[in-house]
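All chains are identified by letter, namely A, B, C and D, in their written order; residue positions are counted from 1 within each chain.
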Amino acid sequence: MAEPKVILVVGAGDATGGAIARRFAREGYIACVTRRSADKLAPLVERIRAEGGVSHAFGSDARDEDAMVALVETIERDIGPIEVAVFNIGANVRFGITETTARVYRKVWEMACFAGFLMGREAAKVMLPRGRGTIIFTGATASLRGREGFSAFAGAKHALRALAQSMARELWPRNIHVAHTIIDGAIDTEWIRSNFPERYAQKDRQGIVDPDSIAEAYWQIHRQPRDAWSHETELRPWMENW
Amino acid sequence: MAEPKVILVVGAGDATGGAIARRFAREGYIACVTRRSADKLAPLVERIRAEGGVSHAFGSDARDEDAMVALVETIERDIGPIEVAVFNIGANVRFGITETTARVYRKVWEMACFAGFLMGREAAKVMLPRGRGTIIFTGATASLRGREGFSAFAGAKHALRALAQSMARELWPRNIHVAHTIIDGAIDTEWIRSNFPERYAQKDRQGIVDPDSIAEAYWQIHRQPRDAWSHETELRPWMENW
Amino acid sequence: MAEPKVILVVGAGDATGGAIARRFAREGYIACVTRRSADKLAPLVERIRAEGGVSHAFGSDARDEDAMVALVETIERDIGPIEVAVFNIGANVRFGITETTARVYRKVWEMACFAGFLMGREAAKVMLPRGRGTIIFTGATASLRGREGFSAFAGAKHALRALAQSMARELWPRNIHVAHTIIDGAIDTEWIRSNFPERYAQKDRQGIVDPDSIAEAYWQIHRQPRDAWSHETELRPWMENW
Amino acid sequence: MAEPKVILVVGAGDATGGAIARRFAREGYIACVTRRSADKLAPLVERIRAEGGVSHAFGSDARDEDAMVALVETIERDIGPIEVAVFNIGANVRFGITETTARVYRKVWEMACFAGFLMGREAAKVMLPRGRGTIIFTGATASLRGREGFSAFAGAKHALRALAQSMARELWPRNIHVAHTIIDGAIDTEWIRSNFPERYAQKDRQGIVDPDSIAEAYWQIHRQPRDAWSHETELRPWMENW
């Protein structure tokens, strides 16, 4: 029997994380998916199983160092080696600089960056002795430029990108493929549907990003041969203004 | 019978252009390949045919406007609609600034940039009425930064990148996928084998880029759904220092 | 009598912050300088006074929101309006990813980024009603790219840059000049002298950055007319490899 | 008597080149200014003289290698050593990709890039033996990103930026300060006044760039001490959207 292979998706609470988990499950990876509350992951786990895959849900606060350490240990011990780790937690808020509280500024960083550091570090720890693995961080337009109202979100996303670059330069030569994506456009989520209906209406013309398309891109990144790895991959709809 | 689909590869004189042509031929595209002298393309055409594909070789000076116009016209009229156009001519030279002759500076730009403009424009002309198509320009590290000795090469590559960006912003909303790649590392070519043997020795460890890996990346760019297009894709070996 | 004008320099513990304070004091600005322990600022304050300027030292933990709020309030009430605010705290550490503790990662961010957010926000609050002011954040090479061992430092510096960009896009149209610098090279400090003696030896040939040169650049940024403001200014020695 | 010092401004036909020449003339530099037709430079030369400076006008086609070589030789032989060389020729045109003729594409590159190469190389030739000098290339927003309609202009500007970077990396260590500017906004010129009157109306609020502000920035770049040189300097109005 083939050895099990695990994909860990931290932040599978939204459409994107779920689609990534399903895409890799389709290729035979055991999808270990996390969000704060495991209960809410039940529909995703069931869907993966219905599609013939294997999935485990973990309720875990990704900002909690002990919890992240325990999560990775548990998976490695009880389920299988983490071959792919994806960090997919965002925290998109918009406040003018004088309205940005210290609490918000810190919390956005903890969710969208510090948790990514914890996942990245713990994944590196188990991948390094094996000499292989893929770690992907999900970025956004705010990873590349600051903008009015985005001091907290852009700050966290810039820092996450710096993490991805630093880890890539350290870990690529040890055969661990660290990658970063820039999703530049609205994603087909409930949140966009509710808050930006005119934007959502472009869905029929493929004007917003389908989570399955992101998932396919992540799969392609993972399967790149190591003589031609990508570090940063940008994805945006054909209609997007950029 | 399905309508024929053509890929045009301008600059199929090296390993990369040839690999791209073969990759798309494998998917059923008729590979129209060009370089200055058609004779030298015979082995490529034969290889594609041996692999079950269809290929036509054209001897054409890509810097000559009339020749480029005629090339595209001929293919469209006699062979089939150009669905994919790839520009792959480089001109990597290295001279200190005071040793760079005006002739060299101009020639490098004509080969690595102006010819790309001609191909891009003519491809756009035939793709726009059809409302579909993919145009890919091959870039390099020098597309992103100048370096001692590279005023001519980096200048041409920067300008080609500006062309790709300008065309993308104009043509994406018309359903034409314009993309640009950054090949950041040595490619497995005769030139590297002869001139950088210690570099070439890394081939066994996948330390230089396999043209087939580039070709695969181009195929993946072409098949991206339009809700999640990439404009710029970087490819480099895992061992590369960057 | 002319109204007093204040420059606040948060992080005047090193040569750079001190030089900036002295440069502006020379132009008649009251230099309010801070570091964790006010005692250590005594030599700087005395030097500014000896040069004919006015300076006040504040011991203040820049990562403490209440302390930062109180600092700005005290200066505005007791000393004068803050016309210029400079954030100059760094926290350059280097650890491989698996050796980076959560404590270090968080602390570097708190010192080199979160404190900058607090200063920037409080400065904006007092400058906005007056419709004028200059806010400058000190960056480094790590503001632009991650590197092996720099996940924490580059993360904080990237986030600070995102803060500067976000604030600039919000506050420039309200006549507040937000700027960011990239100091790309070793600075003439005791730390470089002790730890990198061969680097320090380049001082005689101007191979390391003189803090007075940085200070002059900050002064020039501040005095730019508003029809031609710079947001990002890079400074590096002529001998630097970049 | 002090030795004469020359500033060469190639492309003094617009407000910017003229302002730069005047600024340096004010500091005692002999301003050698060029454009296609020397006649049109008479008002500038007279103005510099009226302001107490010294200026010489040269009619010269900057795209002509022999003419550029002769220009530099003549100045060095008859007037004095070129301490500062500024390239300031633009060629801002806007055409959709299919409307861009090969003639336009080539001409824009010859004016805005190739001429810059010729000036930069010839300036380097005379500065290298002296081991000092400043060379500044004027860039624009199009130096950084392509845009619909700007394939020709952005191409030339990107290539000029690559030239500036390549020359800087080669010549900085030989004590020649090569710099590049990004003027990101409308400049106060007759052309803006005639074609963009609503834009021009922002002049009263400093919403367009004053050529004298650019000139001041160039002067500050030139006088930077070599322990803290800038390579790229961006200038934009406080009101600009970026």
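Note that contacts are C-beta pairs under 8 Å (C-beta built on N, C-alpha and C of every residue); 3 or more make two chains touch, one makes a residue touch a chain.
Keep in mind it's a predicted model, so treat the numbers as computed, not measured.
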Quick check on the contact graph: shortest path length from chain B to chain D, in steps? 1
Count the residue numbers both chain A and chain B use at their shared interface, divide by all numbers used there, and answer same if that is over half, different if under half. same
Work out the mean Cα position per chain and let me know which chain is farthest from chain B. C
For chain A paired with chain B, centre-to-centre distance based on mean C-alpha positions, whole Å: 32
In angstrom, rounded to a whole number, how far apart do the mean CA points of chain A and chain D lie? 46
Junction residues of chain C - those touching two or more other chains: 169
Treating touching as the only link between chains, describe the layout with one word: line, ring, star, complete or other. ring
Once the touch criterion is applied, which pairs of chains come out as touching? A-B, A-C, B-D, C-D
Under the definition above, what is the set of chain A residues touching chain C in their complex? 65, 96-98, 100, 102, 105-106, 109, 113-114, 117-118, 120-121, 124-125, 128, 142, 145-151, 154-171
Which positions of chain B touch chain A when the two form their complex? 169, 172-173, 175, 177, 206-210, 213-214, 216-217, 220, 224-240, 242
